[in-house]
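Next come two complexes, and both contain chain A; in the first it sits with chain B, in the second with chain C.
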Partner chain A sequence: MVTIDTHSIADEGVYELSVHGEIDASSSIYLETALKEAMQQSKKILIDMSELEYISSAGLGVFMSILQDLENEEIQMVLFNMSEKVIDVFEILGLNLLMNIQPSKEEALAELK
Partner chain B sequence: MTHQFKTSCKREKLKDIRHFLTEVLNDIGLSEKESNKVVLAVDEVCANLMIHSNKDNPNENLEVYVQDEGDKIKFEIVDHGEAFDYTHYKEPAIDDIVMSKRRGGLGIMLVKKIMDQVEFKCEKSRNVCCMTKNIDKKK
Partner chain C sequence: MLSQKGIIRLSVIFATIFWSLLTIVDLMAAFSEKNEIAFGLPNIISNLLLAFFICAILIYYRYSISKAESVNFVDLLWKVFVFGLVTTIVTLVIEFFFNILDGHRLTENSIIINFFYHINMGLIIGFVSSTYVVWKRLILYQKTKSLLATWQIYEYLLLATLIYDLFFHHYNEPSFIAIYAVLGIIGLVLSFNLKWIAYLNFKQKWRSLLFILLVVVYIWYFVRTLMFYSDKSILIRDLLDNVFILSMITFIVIYAAISFLVILFNLPTTSVFERKLDEAVSFQRLSQSIPAGESEEKVYEILMESATSAVFSEAAWIEIRDESKNINVTLTDRIEKTAIPKIKSAVESSRFKKILNSEFDQNNDQIKLTANIKHPDYKSVLQFPVNVKGEKIGKLVLLKEVNDGFNKEMIDIIDTFVNQANVSIENFRLLQEALTNERYQEELKIANRVQRQLLPDKLVQHEAFDIHAFTQAADEVGGDYYDIFELDDHRTALIIGDVSGKGTSAAFHMAQMKGIFHSLVHLDLNPEDFMVYANDALSRCLEQTSFITVSYFVIDSQTNKATFARAGHCPSLFYSAKDSQASYFKNKGLGLGILRNSKFHNYVQVNEFEFAVNDVLVLYTDGITEATNKNKEQYGSERLLKTLTQNAELAPEAIQQSLINDLYSFCEEDKLSDDYTLLILKFRK
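Right, the complex of A and B next:
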């Protein structure tokens, strides 16, 4: 099961999501819904992945499916604080190279300036 | 020794399958990093079988077998749904997935990268996915 908390960082115009738990074929729909909402709310999306314990292709697929829209709509999305085992999964297929993934929130915010 | 786990074709059961696998792989002595990848590969196959072969039918069952053979671990996943035609499986390009905004197509790619051998067999009324992972138990 996955839970996703959202809030805006008003001064920066940034919409932040914090993903907790596990994203698999049963729960990826929640990630998709939260990302679509974020894309409607802001052009700057920050995703805290520190509490994400597991991601399968269903979760990776959700990220891949919005990349084109992010580009078309000029929306910046930065992921940060991924655990080693989660970033490993992105790296197996080289998907980490298609996304902006930063080690810390400070570095992620700096990307959105 | 063979470890086995049987469950219904409900996506919510994937978590239980992962829990079973994590315990078995931990007992076998796989590192957490390696274990996470192997669990992912089996999870991908199980999810595909539940969704595509068994149409999320909770009355259908899935069996997972794990056998420690010392220098390798063998996995068998048995179901009774529609057989997956692996021989005609064509790996999509990542660029095509991104361009077409597809959500699917990455699962089997992950399985092929993680496992050393992958085979889908159809035996009478049952389908068996056999996978082998060569291992180095040094942590």
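Right, the complex of A and C next:
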């Protein structure tokens, strides 16, 4: 199961999501909905991955499927605070080459400036 | 042991023999009396013959009259009636004979009179016995222990009187009267067991009344005949002096009289009982599962039929709208479909509406209610929703031509019917689903067989290396793929792939990957071009969220070098025999189908490595490294590396087995939740 909290950082115009739990084939739909919502709300999206324990290929597929839209709509999306296990998964697949992944929130925010 | 048929035949034979002997003996006695000759045989002999005759007759009926069941009460009475009819006709013929020859010398002949008396006697005993057995069957229908005990006492007493009757007694002797009275009282008590009457329908009750009346008429006639003979003092034997026969006759008459009255007074309530039975039958029909090939509509038909007959409604309709099952039915009974909207609006505007269900429901069209309506034809209406799994899919509407036509009992019974119909439909749907599922299972089995053929069934052993593969899918079909192809006499192409997700969609993409591999491998491309073309092809056919990770190797046994590219696939593991160490090839690479444009080639990196004898290359899918144990720990690449290092000396198949065994013992089970594949190459030179 996965839970996703969302809130806006008002003065920066940044929309932040925090992902908790596990994303597998059945729960990836929640991630997709949350990302689509975020992309409508803001052009600057931050995703806190610190509480994400596991992501399956279906979850990675969700990130992958929005890459083209992010580019088309010029939306910046930065992921930060990934556990080693999760970042490993991103790296093996090569998604780290296409996505902005930062170690901490400060660095992530700096990317959005 | 004798069979039932044997006993019946024997009893007939014995009854005939005993009756003939009795008649001969009695006629001889009459003859000797007439001619005033002393007759040598004692009376007890002839009495004994009579007793034996009675016993044989009783045994005959006991075995030939079947047990009472609710379906054959009238048949039993019919048997009694027919036998009585035959007896009466014979008796009438004899009477007629006497009447014609009235005053003739023959009719005064004591031997002739005694002979005809014996014929009558035999028939009457037969009739009385058959009636007695039928009465017994009726009384013992739905027997209890105490009833059975009382009946046995009665029967044994009755048989005991046969012994009493061995010695001539006159009917006005005190002992005779005492025995007769006792038997009469017990008979009276037993006669109040009339449960069978409740199971007769209206028609059967009328027929039973007729038959019972006729039985009484027969008995009256027989007794009159016996008394007529009795008045002639020349009789050798008078059946009226036989306490056994008298008691039986009395019992038969008492039971006949009581059942006659009970049936008569039960006539008016029969329709209620019949209706209850109808309800039970309707309920049973509704609860039966729908036979294969029939549709749900059958249930709705039965529901409407049962409901209509249970509450005597003048018209009814049932309408079902279930979009999920694509069902749209309206069944009507004695009403035109076109008349429905008018009634609906009359219900809507009715001021005498009673809503029956407690739940709050906005939709007036779907609630349980009774109402009096203003309508030229119908004055009251009862409406019930039809539910399946809590979803209202339609309603049943019953109409009557009078105000307040539906009382509490009717509403309750309709409630029961509708609920039962709901259950039947639910069961029917569940069964349908189960059948569909079974078909899907079959389809999956076929898919599994087809997919296994997509993987190479036997890996070609190469002069440069030994190879062994192992693959297992989490479901019937999976998304793991591997293949091998000889490019020329010294170069071999090797691929391992993993489609994102699992199950059927993954299996289709895996088949596409195989197609792409076999199209491209013939072009003899370098790993980079292979990846670029494969990405291009897959970008056009993969679902938006799907991708495929692949590792592609070209192994050259001439140069002892292998070039390879990794497209998002798990890093391959290489064991060097010289260093006795294993390590992962950590080159860059992006999964196929992730970047669906011309920039993909920027993310392909081709590497090369040299191999020597006894080096081991391990290719695998993430089902292995991501397998978890109960504590949600992953097996991980470190464990894989360590286990390989420990077992690298073995042959490829043994290496594979030790790796899989280690994996299973880590997970503590041998059924993983993902597809997993392991490919072991051991170089020979």
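By our rule, the second predicted complex is superposed on the first by the 113 of 113 C-alpha atoms of A that agree within 3 Å, B and C clash if a C-alpha of one lies under 4 Å from a C-alpha of the other, contacts with A are read in each partner's own complex, and residues count from 1 in each chain.
FYI, a residue touches a chain if its C-beta (ideal position, glycine included) is under 8 Å from a C-beta of that chain, and two chains touch if they have at least 3 such contacts.
Since we're looking at a predicted model, the values are computed, not measured.
Participant: Name the contact category of A:Ala110: first (chain B only), second (chain C only), both, or neither.
Facilitator: The answer is neither, since A:Ala110 touches no partner chain.
Participant: Figure out whether A:Ala58 sits in contact with chain B (first) or chain C (second), or with both, or with neither.
Facilitator: The answer is both, since A:Ala58 touches chain B and chain C.
Participant: Applying the touch criterion given at the start, work out whether A:Asp69 contacts chain B, chain C, both or neither, answering first, second, both or neither.
Facilitator: Only chain B is touched by A:Asp69; chain C is not.
Participant: First (chain B), second (chain C), both or neither: which does A:Glu84 touch?
Facilitator: After superposition on chain A, A:Glu84 lies in contact with chain B alone.
Participant: More chain A residues touched by chain B or by chain C?
Facilitator: So, of the two partners, B touches more residues of chain A.
Participant: By the touch definition above, which chain A residues appear in both interfaces, chain B in one complex and chain C in the other?
Facilitator: Shared contact residues on chain A: 25, 28, 32, 54, 57-58, 60-62, 64-65, 67-68, 85, 92-95, 98.
Participant: Going by the contact rule at the top, pick out the chain A residues touching chain B in the complex.
Facilitator: It is residues 1, 22, 24-26, 28, 32, 54, 56-58, 60-62, 64-69, 84-85, 88-89, 92-95, 98 of chain A that touch chain B.
Participant: Given the complex with chain C, which residues does chain A contribute to the contact?
Facilitator: 25, 28, 32, 53-54, 57-58, 60-62, 64-65, 67-68, 85, 92-95, 97-98
Participant: Please output the residues of chain C touching chain A within their complex, sorted ascending.
Facilitator: Against chain A, the touching part of chain C is residues 498, 500-502, 544-547, 549, 567-571, 588-591, 594-596, 603, 622, 632, 634.
Participant: What residues on chain B touch chain A, complex-wise?
Facilitator: Residues 11-12, 14-15, 18, 32-33, 36-37, 40, 43-44, 47, 50-51, 94, 97-99, 101-107, 109-110, 113-114.
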